[in-house]
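Got a structure for you, questions after.
A, B, C and D label the chains in the order they appear, each numbered from 1.
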Amino acid sequence: MIPAYLLLILPLLGIVYFALFGHQEDVGRQNTHFNGITLLLSLWLAFNVYTSGTILSTDSYFIVDSFNVYLIVLTAFVGLTTSIFSAPYMAHEKEIGKLTDKRLRLYYSMYQGFMFAMYLVLTTNNMGVMWVAMEAATLATVLLVSLYRTPESIEAAWKYFILCGVGIAQALFGTILLYYAATQFNQSENALMWSVLYDNAALLNPEILEIAFVFMLIGYGTKIGLVPLHNWLPDAHSEGPTPMSAVLSGLLLNDALYAVVRNKMLVDGATDSDIAGYLMMGFGLTSFLVAAFFLHRQKDIKRLFSYSSIEHMGLMTFAFGMGTPFATFAALLHMTVHSLTKSAIFVTVGHAAQIAGTQSIAKIRGLIKTQPKVGWGLLIGTLAIAGFPPFGVFTSEFLVLLATMHSYPWLTPLLLLGIGIACAGLFRNIQPMVYGERPEGQQAVQANLWPVMIHLAIVLWLGLAIPDFLSNWFTQATILISGSAPL
Amino acid sequence: MNLLIAIMQTLLFISLAPLLAGWLKWCKCYLQNRKAPSLLQPYRDLLKLTHKQPVVSKDASWLFIIAPYIIFSATVIAITVIPLITVDLPTAASADMIVLVGFLAFARFFLVLAGLDVGTAFGGMGSSREMTISSMAEPAMLMAVFTITMTASTTNLSFAIEHILQEGLVLRPSYIFALFALILVAIAETGRIPVDNPATHLELTMIHEAMILEYSGRHLALIEWASQLKLMLYGVLIANIFFPWGMAETLSLSALGYALLAIMGKLGVLAILLALSETLFAKMRLFRVQEFLSFAYLLGLLGMLSHIILEASR
Amino acid sequence: MDIENLDHYAQLILSLAALVTLTSFIMLAQGRLLRLVFIFALQGFLLVLATAIAAYSFNNPHLYISAAITMALKVLFIPWMLRRHILKLEMHRDVEALSNKTAIMMGGASLVVFSYYVLHPIMQDASMILLNALSLSLAVILLGMLLMISHHQAIAHVVGFMSIENGLFFAATVSTNGMPMVVELGVAFDVLVAAVLFGIFFLHINSSIDSLDVDKMNRLNEVDQ
Amino acid sequence: MILSLAYAAVWFSFLSGLLALLIRQRQSVIALLHYSCRTQPAWQQRLDAWLEQSIYPQRIQQMSFALLGSAGICAISAGVSNLISQSIITDQLSLGLPWLPWHVRFDSLSALFYLIIGIAIFAVSCYGPGYVKENNEQEHPFAVLGLFSGLFISGMLLVLLADDAFFFMIAWELMSVASYFLVAFQHEHSANRRAAFIYLIMAEVGAIAIILAFGVLASFSEGGTFTFEALRQASLSATWASVAFILALIGFGMKAGLVPLHVWLPEAHPVAPSHISALMSGVMLKVAVYGLIRFSFDLLGDIHWQWGVTLMILGAISALGGILYAMMQPNLKRLLAYSSVENIGIIFMVLGLSMIFLAKGHPNLAALAFIAALFHAFNHALFKNLLFLGAGIIQHQVHSLNIDEMGGLIKRMPHTSKLFLIACMSISSLPLFNGFVSEWLAFQAALQVDVLDNAVLRSLIPVMAAALALTAALAAACFVKLFGMMFLGLPRSRHAAKAEETQDKGILASLSLLAGLCFLFGIFPGLMLNLLENVALQTLGHGLPNSSAAGWLWLAPVSMQQASYAAPIVLILTLIAGGISFHYLRRDPAVKLRHSDTWDCGFGGLTPRMQYTCSSFTMPFRRIFAKVWRIDEKIDKKSGNMPQQITDIHYQLHIEDHSWPRIYHPIEHSVNRIARLVSRMQTGNIRVYLSYSFFTLIFLLWVIS
């Protein structure tokens, strides 16, 4: 359990440290170091779990099982790579005078704050604390969204704040109902402990839990960005600094989905109706299709990819909703590959925006000719996210399709329609940006593209072959969530 | 022995072709109350051309020069597979009706290229029209051919004719259609009125002549001869497929001679009919030709269907 | 079981719940910001009373703590902050023209009915006080959202948001005698931070669109004009 | 052994791709090599000399193409040896999903297509170095070209090896994506970008259809596993089988360029570098054909004759449509691309015929048609590669693909013109060349309809045969036009006037190789047919009706009585006839050729502009088949001061494919419309957003209770 505690303490220290010294020259590298250490810790934790199964802390405030441990590692990893990218990015922003030292301090300390909130969401065993952490994540990021203080960014931040605040409030009501249902048979303080709830989920009152789940779904669903609760997401992603968009897309959405899935496990335990699953499938499919169409009308490159995030979250929600082992496995895999790919894409997008000096798709041109690495990174990343093999996204989407075809064949055409439309929507916007002659006076920027390469390499690897330890891991998580292993 | 016969009849075919052309011209002149040249006139022309010095345009390429030989030999191949006087022809096995059509296409291919080679407007015009007409005619012809091959269930000409002979006189509706289709195709392919006018030069509607304008001397001779062969080829096809009677089934000298007379008679009659039609009909506009040929195609199709519907065993 | 054979505490709690709902209604119809904030403070106060009584009746000491926190946050700090901003931004005079109040009120009323309709079936086995309290708190939550939808002053939105928090808090208090302490504290902390952030945002928004009218904030739309 | 050869082919093509990446890394490569042979300084000198700065890029190009060539050789040998040994080799690679490793299967069908690809890439590898030599490294980095060519080829090879749906799809998409990058290679032209986009989207849609088809099959196989073995066992109801078949037809037809799914093809093929267009048009379409054969004949199992009819009709439409569209194209490579559509149509027609025979219980005739189809696929690969490679040379010389700017090249480029002529003759299926043999076989198969008991089929199939004949005739017309306009007549442009024959040995070698094969298999089709019969034996379980069908001399698929074709004899006869006439006429030395000006009926003053152009040559066809295209023809005359005097006259002709306005534009518009509707959601007003979540909540609560 020690690594888990360290994992939580370190970012806390980070908040304070950067709040004080966040303006130094090599602050970017320090931030990288912090995240690097957390990654090591998370690996340590993962190793513990891998060897000795689920870990429940002595005071049972924290739980680490195979479901959340891989999300922890993922979070730490993406956090690290994004911080690697953000160091030169933020330096550049400072050079061109978009940011002051004060804001940099805020940025770095909130970066750590956000990481802390993420780890807390993942590790905590208490549904209430999970809610608190989720809200804390909002609060940590809301100031980062408005970091540039432009009217748009402020507007975006405000919407993000209000919508997520209200949404998350619903989740709290859901939690209260859950707690109420729990207190029916267990008056103790730890009635809200997930482990406890999960062990005697059968005793929970099904009707109450269904109502509770509706609130949870609305609440956390707002953060996942499920249509029609998604409206804040593109704004927040497009107006904040790009590293923020990367972690928002790559991590925050995952963790919100994680919260929903945890609750779904309880509901499934309590009731024998699949109402929760159906709700999630409905939301997921709607988000998937609607987002796919949204892609066709984007003028801002970061909005474009935030909609693609909505689309993919929709797909995962759908898959988790189906709940068959196959689907769950696919969804877990998709979580991984999506956050890797998407954060990689946002890295390249950030550089692209810096090259062109704008985020407007109409003005970004000829990236390959200007800075081949960025151009190719963006292109390959888009291919990966659009679900072309041999990248991992294809694998997971393929599995989702397979699962759908087994359980709900008549839904597959819709899914495939969505995939096709999304692919078209992405490429009609991406192609003009990467291809073509370089515009006058467009210069390359100094960029660190290792994160992109690493991420895409991993995604490619996952597409070609899923290493055994990972597949065992997913299988355990699948067993945990859906009760049985895929094949 | 058979092989000998085959060679002999090929040579016979080649040598008779100009005579048929001459006879046809004679009939036409007679019908149009003109004084006819002698029947041997075509031979004289060919001989004269072979001894003249051929003039070749400076813009012409090697293709222009070898084209006549290719055209001639391709046509010769086509005729080697057509039974003229005797039914069992060993060479017929080496190439069936489809190959025959293929070789006619082969000859045409080079004729058209030769027409394009020098780069005159006339050549291009002729080539373009030739390709148009032939590409319309080919399916029609194959329809007719299929009708026959389906009844005889072979594409090998000598087997087909043998089959028809053994069958004796059977009145098949499909054959009537096929016959007409084949006649129309023959008229189009050999460039007779009303599709083309062999007797004209410098008329903007001409087709075949336009392509060979630049040829002279032996090259011209070869091409002319090839077209005469083609005319006779179609004649023989029509005569021997639809009216095979009189062909030599045994290889006795009398039978062969009888067969020779028979085929000459048939061809003569066909020639008269053709001359008659050429006198009676006027040449039609180029874009009516397509209707003419699609009519031929229609006939072929009808022949096919009537075979399938009226005559099929099942 | 009917209200007359409940003990007085329960009756008191119920009537307080009713009053809380009433305050929400008043807020819904309130166009003047200062009064809005005042009523919000009042709602907070009623909440504190209810909590205290609940703490006493269920003799559950830690509810006192949460009551105290609420007192500090929702009755004193937040109203005070909002008021300061209103005065600073000189918005205490302008009245928000609410489009057809009656419809909104009707909607609010139907929301109350709706929340009963939703919670009734699942509360069969529960005590009547619980059913009423929960339904009323749900109603308060929904009314808070309705408030945010109907008003277009940022401050009104904050008030709505906080009244939603009130509803949640009330629900937690009466249904489960308060959440576990950590959660309570966490929620309180979040609310506090949120309040502070709101304060910051008022300044930013005002500086960017020199008003707090959220309808003016629609740069980020995708409807093609 | 065979399998390792097959793997070697994949590896070599992959490596050639990787090698191309080194073209900018001279320093590091040198360093590495020095390190590796640090003991022998002599070698180091030799290396430096060999990889000397100026020629280093060329070295890399040559080496990467050499690797491609060895890939080709491996593929050919693997294919041939397996076709002869008729063995089925299976294997598993520990990649892919944990419970579904990549299954590999190498049987005769795969082997045949391996052979096709092998020949193609071998020719390309000879052709490549000369072709890319003057490629501008800054504008178009060879690294990209080489890398994606390698991936593209290995993708195609892997498709043939795949034995489970997952692996198949990965290989399939690898092929598509790599070729997408190749299409977008010269991306500074907007036309290329558009083509690439269309290609990518349609490839994606096709892939989706294929996945669906596999999915339908998988959901009927026990355990729902995706190995082909399991899919073969799947037992479907007739309707579901038809659904799967239609989906597969859409998917593979999309790739194969079946009308009306062909629109990407004439866009994409012309814009890629010529050797890539050759591969795409000559080989990739064949991979699609392979996919359809694999899916319908092998996986689906029992064929319904309705499928055959569908395939036939679609094939006929593609064949006719393809060749008619091709005829109207002034752009050389577009024309070739459309003619690929035509040939694919022919292949599908014949496959449909085979399906009908199979469904009606005449497996031997089915095998005949099947073999005809495969043979045509093989031939098309040969001559279409030849044509595209030739087009590449000519493009380098004339600096344009517009046929109307060529002409007279036969004198400037003797070798190229001869080889091109051979290609034209084979593709317009003239006897003595391979194109004819496959069509002849197709006709022979079609003529066996008497055995069918269904009158509709008995009348339909001959009509199809006639359509095939029409296609062949039109193809002849089209390619006569092509050759005539490109090589004959007078040069129509300055570049054409001073075009030079290519000096590169490799280029001519590759062209000659292909041309030689065209002629060889035209004369001795038996060589190929015996191999193809093995494929039929393995896939359909039956061979040709006539056991001694394909001797070295005779070709009698059904029986000697029914039909026979002896190309060698015919060839000899032709030579005899030609020789005699030639000799006889040339004997007299007095009558030598005399060269003089063109007679032209004595008009004289001939200029190149007086020649027939493409559009004038095809004018009669335009008139006759006017309905097939969307033609807009504009003639504007400037009248001078005199009445009826025309000072100058402009002629514009624009011809478009029907499928755009009929099918694709509507789809595009509807997507845009829906997108606009959807985006109304994002009003930008936060209160509206709040009301969304509010009403969602209300709604869900209402639903729940």
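Throughout what follows, a residue touches a chain if its C-beta (ideal position, glycine included) is under 8 Å from a C-beta of that chain, and two chains touch if they have at least 3 such contacts.
This structure is a prediction, so every number in the text was calculated from the model and none was measured.
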Any chain that touches subunit B and subunit A: D
Chain centroid nearest the full-protein CA centroid: D
In terms of CA centroids, furthest away from subunit D sits chain C
Chain-centre distance (mean CA atoms) for subunit A and subunit D, in whole Å, is 44
Whole-Å gap separating subunit B and subunit C, where each centre is the average of the chain's CA atoms: 101
Just how far, in Å, is the C-alpha centre of subunit C from the one of subunit A? 31
Using CA atom averages as chain centres, what separation in Å is found between subunit C and subunit D? 70
Residues within subunit D bordering two or more other chains: 676, 679, 682, 686, 690, 693, 697, 701, 704-705
Can you pull out the residues of subunit A that are in contact with at least two other chains? 158-159, 162, 166, 170, 211, 234, 294, 297
Residues of subunit B touching at least two other chains: none
When you check every pair of chains, which ones turn out to touch? A-C, A-D, B-D, C-D
Subunit C residues touching subunit D - in the complex, by the definition given at the top: 114, 117-118, 121-122, 142, 145-146, 148-150, 152, 157, 214-215, 217-224
In the complex of these two chains, what residues of subunit A are touching subunit C? 126, 128-129, 131-133, 135-136, 139, 142-143, 146, 149-152, 154-159, 161-162, 165-166, 169-170, 172-173, 175-177, 179-180, 183, 189-192, 205, 207-208, 211, 234-235, 238-239, 294, 297
Per the touch rule, the subunit D residues reaching subunit B in their complex are 407-408, 410-411, 421, 425, 428-432, 436, 440, 443-444, 447, 449-450, 453, 455, 458-459, 462-463, 465-467, 469-470, 472-474, 476-477, 480-481, 483-485, 487-490, 560-566, 569-570, 573-575, 577-578, 581-582, 585, 588, 590-601, 606, 608, 610-612, 616-621, 623-624
Flag every residue of subunit D that touches subunit A in the complex, lowest number first. 94-99, 166, 169-170, 173-174, 177, 184, 187-188, 190, 193, 196-197, 200-201, 204-205, 208, 211-212, 215-216, 218-219, 223-226, 671-672, 674-676, 678-679, 681-682, 686, 689-690, 692-693, 696-697, 700-701, 704-705
In the complex, go through subunit B and note every residue touching subunit D. 50-59, 61-63, 65, 69-70, 72-74, 76-77, 80, 91, 93-96, 98-99, 102-103, 105-106, 108-109, 112-113, 116-125, 127-129, 131-132, 134-136, 138-139, 142-143, 146, 149-150, 153-156, 159, 201-202, 213-214, 217-218, 221-222, 286-287, 290, 297, 300-301, 304-305, 308-309, 312, 314
